[in-house]
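Written out below as structure tokens is the structure these notes cover.
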Amino acid sequence: MQTIISIAVDALTYGMALFVICIGLSLTMGLMRLVNLAHGAFAMIGGYIASYAARDLGLWYGFAVLLAILGTVLIAIPLERFLFRRIYGAPQLTQVLMTIGITFCIIGITNYLFGPTLKTIPLPRGLAEPVDIGFRTIAAHRLFVLVCGIVVAGGLWSLIERTAFGVKLRAAVDNAAMTSALGVRTEVVYAVSFALAVGLGALGGVIGAEFLPVEPYYALRYMVTFLVVVSVGGAGSIPGAVLACLLLGAVDTTGRYLMPDFGNFFFYAAVILIVCLFPRGLLGRA
Amino acid sequence: MAVRTLMGAAFGLLLAGTASAETVKVGIIGPFSGPFALQGKNFQAGVEAYMAANGKQAKGHDVEIIYKDLPAANPQASRALAQELIVKDKVQYLGGVYFTPDALAITPLLKQANAPLVIFNAATSAIMTQSPLVVRTSFTTAQTTTPLGKVAVDRGIKKVITTVSDYGPGVDAENAFKKAFEAAGGQVVESIRMPLNTTDFSPIMQRVKDSGAEAVFSFLPSGPTTLGYVKAYNDTGLKQAGIKFLAPGDLTQESDLPALGDGALGLLTSFHYAVSHDSPENKKFVEGATKAIGGADQLSFPSVGAYDGMHVIYKMIEATDGKQDAEKAVNAVKGLSWTSPRGPVSIDPETRHVTQNIYLREVAKGQDGKTYNKEIQTFPNQKDPGLAPAGQ
Amino acid sequence: MQTLAQTQPVAMPQPKRAWWRDIVGVALIAAVGLAGYWLFPDNLALLTRVIAMALLALSIDLLVGYCGIATLGQAALFGAGAYAAGIACVNGITEPFTLVLIGAVAGSLAGLVMGVVMLRASHGLPQLVLSIAIVQLFHEAANKASAWTGGSDGLAGLSPAALFGVFEFDLWGRTAYLFGLGLLLTVFIVLKFVVRSPFGMLCRGIKEDPVRVGAMGAFVFPVLLKMFMISGSVAGIGGALAAISTQVVGLDSVSFELSANALVMLVLGGIGTLYGALVGTVIFMGFEHVVSSINPFHWMTLVGVLLIVMVLFAPRGLTGLMETYTGLKLGKRGGRA
Amino acid sequence: MSDLFRVEGLSKQFGGLAVSRDISLSLPEGERLALIGPNGAGKTTFVNLVTGQLKPSAGRVFLNGQDVTGLGAVQRVRRGLVRTFQVTRLFSEMTPEEHVTLTILQREGRANRVFARFRGDSAVGGEVEGILATLGLLDVARRRVGEIAYGQQRLLEIAIALALKPKVLLLDEPAAGVPSTDTPRIERALEQLPPSLAVLMIEHDMDLVFRFARRVVVLAAGEVIFQGLPAEVAADDRVREAYLGSYAHARRVA
């Protein structure tokens, strides 16, 4: 029993880390119909900035996180303006081609600037140490990731469901022409949502770095994982993404605990099963 | 940069084959870009350090190096590159090769090419049996792992759980350790093979904890996964619980140590080379290689494989006086022994694999506050146990 | 827009003869292939690799370009062919044509499995994800079955017999290249017939509107499944060629990376024409080879730039670009990717 | 005499919403029936139920005396129940000739052949030419469908249906969206339909309905409210209520 709870805690925190990284991709794919394979690259940029700020400049962790988000968004703005905007509404294959190209470029440039080594983001003392939660010890940063996940999910949900911006965004998604006829500047709405998605990716890249270490090939290494998680959840659905991350996190973690030799089989078999049963994702929009 | 020698490739495919007679060309294949670029850079650093120290000539013959990039294991591309080196660039020697399948794709070409292959890294025992023209100056996983079995028993450890990445070298490591440990009287209570793309190791650590073992033996490819693994080992409290950590040195390669940080302190690994190895030869080597690679913290084990590989190639050139004769070249280095930066080494005349010391090391903190692999025990003249008996 | 007011002439306009263009096309491919043989005699192993990739890209075009099925897992079929041929070769079946046949059969069986799973989903993203999951499972299985496949060390020790008992697969790779070129031409010609056949037309119909095809009284699923098997056999031939020419089969031949690369090459060349697969492969791999020779440390950035530039200036691929500028139509293509 | 086509008590509910309620009607050989009704009456749902695109909640469909309720859309087509689409569904990259050829090959079970020539068979070619000629599509036979006029596309819809040699033909608003200059062409095509064919036409254009239909069924809010001769429709109170009332009560069924 204790083992089960222990595994559940691991699964939960791992799933939450995935969630924070992936939810931005879910937004771009679901709301903006953009298959952005470069999402991981933005998460990676966030990780690099945070690593530079916290490790090389010795800044406070929270400040480094903030800097990472802002910096990544800043880098993403011209990319959105000149590249991504060209492929909104383009065929999926075109989007795949373009975003893979962008990923390659970002990897190449990162490699050039920072070298091929692993980058760590030193955690503040409070997060670095294991915490005793009664029946086992758990790394404090895992709890931190859990809290971040809950905050991000809640915040996003209320942003989309409860604010004027959310209304505009949903309207623009359902009918862009009508929405702009009503006087909403849809390209601004898109740009803001894109920035939001990138910012979330950067946040995920930083706080998830304990699970998915930051290095130049981060963007390619985990591209598939992110894409799969988002599709399973149903692109654009926040509860769907939470559910998918927790479910796949659970399958992955328990699979690796019970039969580590066949860990990947469980994961991908679960993916196939879910996609066959719910082609639009667990809670995807019809 | 030596890489620039390839500039011509863009236009010069037609103009091939203008090599001058007195120049001996050596083709080096390695991962100079991609996820393993650091290991490729180490190849290059080793080669350049050797040539800086010993001159660009062997017995009066100019030695020219041609680098070819092979970012990841891809036998098809490997064969194409080897063919291009042999046929177009007219190299007399092939060297480098980081991954086993890539080496296996080259071996069938050697006889016809009349060129020896000196492997700087690819660490699967069986490569040597594929062609008599292969010489290896790196190590095999079995070779570096085997002493750990005795170490464990000596330290009073009776029960061990093994956790290895589920791929060739991982399985080699598991088998080698099990064999050595059980021969020494220990018991492997459980063997876990983890998929290569595992990112969260907490469930594995839970297994380790549940198994009741006194130590965990691990093998993972060097790089990002190592970080997650060592973190999980610390975070889940295994370290505090006193469960020892044993692994071949791939896990604590010097270029990963800064990322691992203090969490790596106390890890026990066995390996053929530590950058910290205390000898005049190594001091000279580290100085030269650091200059070539651009930073001391990027230096790691492939550089020494390359350095010694170049030594072997130089000896071959001397033996054949610059003429292309693969068999003579290989025969000349059988039994060759010298003092490498890693310590005394020799080429086993039977297997053509390097015989060398294996060191037990502990990750410790130096005076400069940086962690390093501290050699604490030496197992001299280790051969590759994976090749010792003929056949299986 | 014209109205129906005009009355029609009695006879249909004569059909435009499209097949002569294909004869020219095939002749052109053969000429380019032979030119490669004469111009780059030292890089034949690379060119053979290009041919194997071109076969893989062709097999993807059959699904993406003619049926509208997106896949990022085609290497599962390529790898099935490569491993089947490799295992057969290690176990004593060494005749090259037999090995290619074995590869084709294995590829089409893998295609059957893949089709059954992937056709559970009816459109883009879920299909992509299923294809990724399948190629990962194949990869995992190949790694696990190391007794058969050699696992991550690769399946080594293939020594295919001489072609026609005369031409050895040797260091210079002449046999391998010409063998590959012959296979490519044969496959290309056969595929031109396939896409022109009633079946090929039906597939194009399905790509545009499966509901209409159903209303014509044709079942969609078996047609697509059949295309999966044809596509699988083409990919399998590519895999077998790779196995024969390299004499090693590695896990990379069943990887997501290989699938993605091939798809990128195809899209680069342009989908739905068969020619695009060839053009894209040659251009991409040529570019990669040249750039990585000049500077192995930064080729990735340059390849990335190439892809971005392509999307911005030639969104329909290189063949699309060519059609735009020459007015020559290489083949019929669907309106959307 | 058994009817060629018959539906009994066909009903469909989406959630709690009844879109079709207990619809029964039958078509003998050679029938020309028009199904009309105000917007949202459930006409398209009815077509989808009959052709098998939707599964009914209750009721049965008979074709040639056989119960086909359990069969899928494709099976029903193969048994002679063929439809056209309200919004044309054609392959924009193919020519009308290719559409019809493909359809005929399909009917003959040859469309799935890989090693056969698409345009090789002179018998098929003749039949294609005949059908296209009937519908006046010969001069555009080798143009891409994306390039031809919308009225011609509607005719092509009918041509494809005829190429299947149907027993029962469902025409879903064959004149919708066609400029009025082109409707005579469609009317003429309808007049030339084989006499033995049973035709069920859904149409808004009442002129067309009165000229074409021998019998009219009026559907409102998912129910049949009138069955009878065209001449009687306008006089029926319930029909007047359904059409005019729909403006008073707004939309009842969306």
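Every chain is named by a letter (A, B, C and D) in the order it is written, and numbering of its residues begins at 1.
FYI, a contact is a pair of C-beta atoms (placed from the backbone, for glycine too) under 8 Å apart; a residue touches a chain by one contact, two chains touch by 3 or more.
Given the structure is predicted, the values throughout are model-derived calculations rather than measurements.
Between chain B and chain D, the least number of touching-chain steps is 2. Counted as hops between touching chains, the shortest connection from chain C to chain D is 1. With centres defined by CA atoms alone, the chain at the far end from chain C is D. When the C-beta contacts at A-B and at B-C are tallied, the pair with the greater total is B-C.
With centres set at the average Cα position, the gap from chain B to chain C is 37 Å. Put simply, the C-alpha centre of chain A and that of chain D have 49 angstrom between them.
With centres taken as mean Cα positions, chain C sits 33 Å from chain A.
For chain C, the set of residues touching two or more other chains reads 140, 144, 297-300. Counting partner chains per residue, chain A has residues 111, 261, 264 touching two or more of them. Residues of chain D in contact with at least two other chains: none. Looking at which chains touch one another, you get A-B, A-C, B-C, C-D. Remark: chain C residues 39-46, 48-49, 52, 140, 143-144, 146, 150-154, 156-157, 159, 170-173, 242, 245-253, 257, 289-290, 292-300 touch chain B in the complex. Residue ranges of chain C in contact with chain D, taken from their complex: 1-13, 15-16, 193-194, 196-202, 204-205, 208-209, 211-212, 214-219, 222-223, 226, 230, 332-335. By the touch criterion given at the top, residues 33-35, 37-38, 41, 163, 166, 192-195, 197-200, 202-204, 206-207, 210, 223-224, 227-228, 231, 234-237, 240, 255-256, 258-259, 261, 295, 297-298 of chain B touch chain A in their complex. Residues of chain C touching chain A in their complex: 64, 70, 117, 120-126, 128-130, 132-134, 136-137, 140, 144, 256, 260, 263-264, 267-268, 271, 297-308, 310-312, 315, 336-337.
Here chain D touches chain C in the complex through residues 51, 53, 73-74, 77-78, 82-83, 85, 89-94, 97-98, 101-103, 105-107, 110-119, 129, 132-133, 136-139, 141-142, 146, 148-152, 155, 160, 164, 179, 181-182, 185, going by the rule given at the top.
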